[in-house]
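Each chain gets a letter, A, B, C and D, in the order it is written, and its residues are counted from 1.
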């Protein structure tokens, strides 16, 4: 469907992560290995927090990432300590900027890989469940944006894991009401610019792939010669749809039905259980 | 806001109408005279019916019409006896194909100039009023597309003038509920490929300009030297946001709160009165 | 690199050929089997001759063909008895309309799969060899467009096979002067709207794939149930970078260093030998 | 034709200059007052130098600046002490990224407003005059990019004013050879990231408008309440096609046939005289 990555750590040029690794996200736009499709060419987006900026910059385009010169320029000149990047493979909804990830609301960013199964059946009901004060901010037509607005409605800004659990609960209930067996498939990343949460879940228990990077310290000891590691800080953490390279020891599967938190201090990896909304 | 034109008559190359007149729609994309903005550069669309085709072709793009080479190619090579063309000046909603006119549903096409005032206040309520079976077909975020789906919900395919009157009634009631004094401003064209209806109405009674062409026979007598008239059939009829040239006698204002029908046999011009939905 | 197809026969809706076959050109834009790359997502073009039109319409876009709604609209509504379609995989030159195929000059169209090896070394010299009266019409930066303008310079309009042979000769000589071992790799299609020539050649004698379709009559006998054949005329002929499906007996390799002519009367398949320019 | 601005001074968010002034460049994209056209909607570009970066980032797009969300994002999040911005009104050449300004070569940036008159007559000759080692870097089809590569050929990196004078001399001689009375119209900005040169010249002595800003110190004294001045450093200097507002005392015409240098220490304003190349 799609591929994404999230980075948190000391400020790096975006291209250190986006372009330079052997199997970078840009390479994945043409040659994804673990996705449903090898090609993710239906638009892309990158969102980054800069110094002294509460709100992230979000740049989204409808063409493929692999040939986009502006993305290359931005990546080669912008540094950030927390950024998201996403490449899209549409499952039918229009190829337009408002359907590209990451989505932003205030200082929050959201991106998704997966799908609400038979979204056309539940779209209207889910739209009604969005808080009326948030409703006018929906600009696109994707299930992913709807999930974001439902999570915002259900308390994302106060309790991200709880809000995502309730969002999933609502989508599953709505899907089941329409006779959909496995209503949801998702890996989701969300951040407020300070902490970063990543979720892996599917109704069927067969979720899209999701990996987090091993601690940089450990990796450097294992692989002192790897270029892109040299520019990374000790607290650097990557969460990715698929590994950026074949480096032994570098990547760890996020288990089924779990979520991780990347934050000042210790990171955490916890079970994820949908809740009734 | 926007500019549009609708043509019905013997088959002509689209560029006869779109490019060749002195103040053509393409010229209006840069130099509109009667609109709120002189520039209409936020996307465009053209929709045409071909021979043996129930459903129209609809080509929409997000760039300005004036520089679009593909539009020029299509216009120079496609003939049609019934087509719509629209150039957009966004009032804030995203510049994306799904927000470009004309909109299509089955064999129906719809285009609009104007706005639902304070659309963000009523958007959710209006979306809920759309028939659930039609709701999944909403792809964009404009008031114009919403008006189309409300009209479809309210019987457009059986009784176009009645459905549009009920759609307007619903929008006005919803707007008034939100304290909006003049909820709607519109000129609308709609067709099923056989007949063509054009509406001019605004809650304030100060509607966007709309003109219909004088009978070709009469015009030819007045102006035997005018190139674009020579290619037009006797039954050719144009409805336009603003005249395509300064030709004396060629253009007639559609009166406030009226609508016209272009159809086999006699055309008609009738009063338009919103109705409760 | 790229994939293309050329159709000649009774008028058909473009989508009969472009979309409906099992392994259509649109499918090849995501899943090419015989090309250097599986993805051909760096723009596309379609050019067609219509009735009473000397000059073909050429529509080109910079996004991928697979998601382009306008291409789908045009293909579903335009009929032609002679058309070209091309999907591009850039080898580095900019993704822009003027680099998309087919190229047009007057009533001639040209498309290419392959490359001038080390084009940056010979580009200036080749540009100088273009007739000064043609030079201002060069709009893009590809080797493919340069090949077209060289062929035009060398007599394409009077003697297509001879002009292409001289063009190849010139490119090989220039490449060799710069120490390039195998200067050219090409399959080329060219037409004036009446006849259609297709060339397969490479300096190395290991050319990109090229196929022509078996006579429709023969194919129908073999496969009476194949949908897209039913709409084809007896004189329908397709030339394609790779077969549009796995139909036994349907596709024939154009041999190395040969060219074919599709024309009123008997088609021909002849050897191709570069000539000094 | 086009509008541009160049900023040099303490680092500012780009939008301080690009969006916030009353008659900002973005406003000029729709409502230019001093240009040949009021609309400059045929693409835009922004190029900026960042800290620790020799080479500028250059982001260019083919749509209008006024509706471009990515430009707004970048402008609201990127700070620079030296940047160029340009909005384009094409005089016929293709609307594509490689025709958008600024152009870049190594650490040099170039942008232009104006035209080589009858460029099609001299384009080939001028292309031949470009140094063969630079020739392969020409990507677009504009006179503006050709001027840049001629200036590079004629010594831009060592002596910018001299190289520009020779470039103009060459264009005028070539034009005159083709019977063109007034071969060149230009305002040009060029920078290496340290110094900034701006030229105003035309063969006819009737050049496009060009202004430089009054010293910030002086302006602040005159207008203590002006928001966008508050964020500007003492050494901030703007050079613009037309004033960003009607502030009395803020803007000074660059005289006919002159050029300015913005540099560490004293800026300079000097006469410009074409030289034989």
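By definition in this document, contacts are C-beta pairs under 8 Å (C-beta built on N, C-alpha and C of every residue); 3 or more make two chains touch, one makes a residue touch a chain.
Predicted model only: the values in this text are computed from it and were never measured.
Undergrad: Starting at chain B, find the fewest moves between touching chains needed to arrive at chain C.
TA: Each step joins two touching chains, and the minimum needed here is 1.
Undergrad: Quick check on the interfaces: B-D is repeated by which of C-D, B-C or A-C, going by over half of contact pairs matching?
TA: Most of the B-D contacts reappear at A-C.
Undergrad: Could you work out the angle of the rotation that brings the CA atoms of chain C onto the matching CA atoms of chain D, rounded to the nearest 5 degrees?
TA: My answer is 180 degrees for the C-alpha fit.
Undergrad: How many angstrom lie between the CA centroids of chain A and chain C, rounded to a whole number?
TA: Chain centroid spacing, chain A to chain C, equals 40 Å.
Undergrad: Out of chain D, which residues touch more than one other chain, so two or more?
TA: In chain D, the residues touching two or more other chains are 69, 94, 97.
Undergrad: Draw the chains as dots and join the ones that touch; what shape do you get: line, ring, star, complete or other?
TA: Shape = complete; every chain linked to every other.
Undergrad: Show which residues of chain C lie in contact with chain D when the two form their complex.
TA: Listed in rising order, the residues are 93-94, 96-98, 120, 123-124, 127-128, 132, 135-136, 138-141.
Undergrad: Provide the residue numbers of chain C that touch chain B in the complex, in ascending order.
TA: Checking each residue of chain C against chain B gives 48, 50, 53, 56-61, 69-70, 73-74, 76-78, 97.
Undergrad: Contact residues on chain A for chain C in the complex?
TA: It is residues 30, 37-39, 41-42, 62-64, 66-67, 69, 90, 94-95 of chain A that touch chain C.
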